[in-house]
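Pasting the structures here.
Below, subunit A partners subunit B and then partners subunit C, in two separate complexes.
Let's turn to the complex of A and B:
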């Protein structure tokens, strides 16, 4: 099947992931998509922070009403005119003081409210995201891959489930990946072996090696046998080559690098040698020894490696 | 709960409490308004109380008390209401209930309301000045005095009208009306201690009088008596005076019995008297009873006198009429016995109910009997009956022989040679004017002793019969018949029936058959004028004559003597030779010899 060439929009970024959440006041449905209006009823979504503020205000109003109700009950129960007016005045003062005090603690009140929303409406939020996911799935069926991926990407920002990750990977495997795309890799690592993910990761490796992080390398190492079975030793060698990107990775995965040292192309091996030489105080373990031996055996004649030959 | 988001729940909660608040605010508003109203009402009530308008003040205090929004001034309000409200409530309650009871015609309850009012009035008028003033205002407000007067007057008048119109039926209703009228308080009957009693008694008296008068007008004594008894009992029941009733009944009933007596309607009298006696227990000693006793005695005396005068039928009718009053059975039996003796044919008629008696003759105290009767029935039977004492009638029967139509029947004992009763018949004759028959009753049988047809028959002397123109022997003459050895009458000889006289004596034989010889002077007035006497009157110097005029079928010739038989039986006016009118005796000539 031919891959689709699509244009992905830029990812909307928020300070906190929860800030992506919004709710349709009419349908009472949560969503994490970028849509401004509810696809069901057409009314405008309200962001979770705005919602928290709104709820806070309503709570404050309700509390004021409750106090006024008490005042009213007091007035109704007042046996004399004097008691009646005393109840009225006292109640009014109480309401005003309560409002002022509540406003004084508005920030903490806001966070309390936010936490409460997230805790209490957890299932509703889940249901909303599930609905978003279904929309994305529908887009996939209709081959609106860009829209589907964008939706899954937004969902994925909030949900770290294998299902979402796998869906995203599946969509990504169907499109032509380009370097200008805001691709992700680490966030898509599943908790178990996934052939599609490996496929996508190897594709990303070709486009943007920088996206191959420690976790990703560790995933390949962990499932090296399955990877070799499905994609061959070259793919694993390429991954090993990627680990040479950073000194830390080399230290972390020195054994893995040792296994594929002989398969490295000259430039990658040269980079390793440079790093090893540049950090003589670092304990590289057997890697350093093997690298020296390989230089002596394979590249002792190469002028680029001359400085490494003692 | 899972269905709603926090936002939705908060929203719902807000709306719910907002709704409650709105409702409570409405209630609060009402309470505030009512609280102010209560204060205002209280202030108004105090102002009215101070200005002496107690009823209005009580109303305001009451309104303020009913306003339970706040309890301000409640103590004061309760204090004022405890003084004022009982008066208003009681007065309004009495007024309202009295109106209801009046509508329902519940007099008893209405009276109880009146008594309650009077008690309350007594209490409050003698109470504090506030109570007195409040009571006065309530009276003016409810107009209870006028209402009560109206109710009781209306009820009183309605019952009095009922009595006046006579639309009351039965003692129970009368008692009910009496009790109801008595229940109406005295003050509504006018002033005076006895006004009520007098009014009620007068009304009832008029009512009863009207009833009695109505009954009297219908002329039904039994109705009057029944009504009288009913009224006596009613008056006793009502503890009312009944003298007037006694008097009225006495007067009217006396009129009735007197009228019956005056009309000689003894049946009506007896019937009325018997009926009236039902009133004796209530009217003992009144004039009507005295009159009835007197009239009864008089009637019995009258019947007795009628019996004595042989007017048995009238006497018996009186006795019969008085039967209901007196035991007249014996008197009737006596009268009937006397009547039978007086008219013994009645006995025969009773003994022979199928017979019709065409000729009857009776005698009393003859032939050893109190009464005897002889009768001929239309079928030719002869009956002779005799009554003695109280014995049954002894009847001897026979039959008429040779005669069909009997014109006359009589006892002719003179025909009997043995003083037996003789039945003498004058029957129709085919040959002569009469057919005379006589039967002698001898020891239970009848024996014919006379059988002659003649123009006339007279008993000349003892056992001698003078028979005019008998059929058979003595025909054309007046003949004598005398009994033979068996007592049966037979022809014996002819009888001369005139008297020979001188013509001058004719004036002495008026109506008697005579024979004389006279000289006919002149013919005048259809007869022959005979000079009886001739005398000279010195004073007038003229001859004065007396005459007799002979008249008859005979042709008289002047200046001849005629021997004539006839009778002087009239007078006639003639013109004498002096030309004067003279009245002369007329001799009717029967025969000229």
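Let's turn to the complex of A and C:
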């Protein structure tokens, strides 16, 4: 199947993940998608923080009404005029202290309200995200891949299940990947071997090596047999080549690199030799020795390697 | 007598309110905690998607 060339919009960034949540007050349904209006009823979504603010304000208002009623009853029920004045003064002092207290703790109270909403509505939030996921699936069926991926990307910020990761990877494997896209790799690593993920990761390797992190390299090493079976030894050699990006990675995966030394193209091997030579005090283990031997055997007459030949 | 009872009720309400506010402040944590808690709870059981 031919891959689709699509344009992905920028990801919605929030300081905290819960800030992605919003609610349709009419349908009483949560969503994490970028849509401004509810796809079911068309009414505008309200952000979780806005919702917490509105509930908090309502609570304060109800409290204020109750306090005022109590103070008023206290004043009205006073048996004598003197008692009435005293009740009035006491009531006023009470209201002032109550207001000061409320304002002094307003931040933590709002915080508590927000926490309460998230805890109480957890099931609703889960159901809302499930609905969002179904919408994404519908988009996949209708081949609206950009919309589907954008939806799954938002869901993936809150849900780390393999199912969501696999769906995202499947969509990504159907589109033409470009460097300017906000691609992710580490966040898509599944808990077990997934051929589609490996296919996607190898594609990413071609366009943006920087996305290949320690966790991703470790995944390839862990499932190396399956990777070689499905994608050949060259794919694993390419991953080993990526580890040469950082000195730390070379140290961490020196044994893995050692296995593929002979498969490295000249430029990658030259890079490794440069790093090894630039850090003579680092303990590279047997990697240094193997690299030296390879230089002597394979690149002995190459002028680029002349300085590594002792 | 009436004023003593009335004032006592108001003082009790203030005391209770202060206790609740202080308790909430102590348990409030920070936004990072809320964020992590939500994600952990949503991913419990791995049933979404």
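Here is the rule we use: the second predicted complex is superposed on the first by the 273 of 310 C-alpha atoms of A that agree within 3 Å, B and C clash if a C-alpha of one lies under 4 Å from a C-alpha of the other, contacts with A are read in each partner's own complex, and residues count from 1 in each chain.
Keep in mind that, in the parts below, a residue touches a chain if its C-beta (ideal position, glycine included) is under 8 Å from a C-beta of that chain, and two chains touch if they have at least 3 such contacts.
Remember, it's a predicted structure, so these values are computed and weren't measured experimentally.
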First, second, both or neither for A:97, with subunit B first and subunit C second: second
Partner chain(s) touched by A:124 [first = subunit B, second = subunit C, both, neither]: first
When both partners are placed on the shared chain, which of subunit B and subunit C touches more of subunit A: C
First, second, both or neither for A:114, with subunit B first and subunit C second: second
First, second, both or neither for A:78, with subunit B first and subunit C second: both
Which of subunit B and subunit C A:65 touches, first, second, both or neither: first
Touching partner for A:25 - first (subunit B), second (subunit C), both, neither: first
Which of subunit B and subunit C A:34 touches, first, second, both or neither: neither
Residues of subunit A at both interfaces, subunit B in one complex, subunit C in the other: 78-79
Contact set on subunit A toward subunit B in their complex: 23, 25, 28, 30, 51, 54-55, 58-59, 61-62, 65-66, 68-69, 72-73, 75-76, 78-81, 84, 116-117, 120-121, 123-124
Subunit C-facing residues of subunit A, complex: 15-18, 67, 70-71, 74, 77-79, 83, 86-87, 90-91, 94, 97-98, 101-102, 104-105, 108-109, 111-112, 114-115, 118-119, 122, 125-126, 129-130, 133, 155, 158-164, 167
Touching residues on subunit B, where the partner in the complex is subunit A: 2, 4-8, 10-11, 13-14, 17-18, 20-21, 24-25, 27-28, 31-32, 35-36, 39, 70-72
Subunit A partner contacts - residues on subunit C that touch it in the complex: 2-3, 6-7, 9-10, 13-14, 17-18, 21-22, 24-25, 27-29, 31-32, 34-35, 37-39, 41-43, 46-49
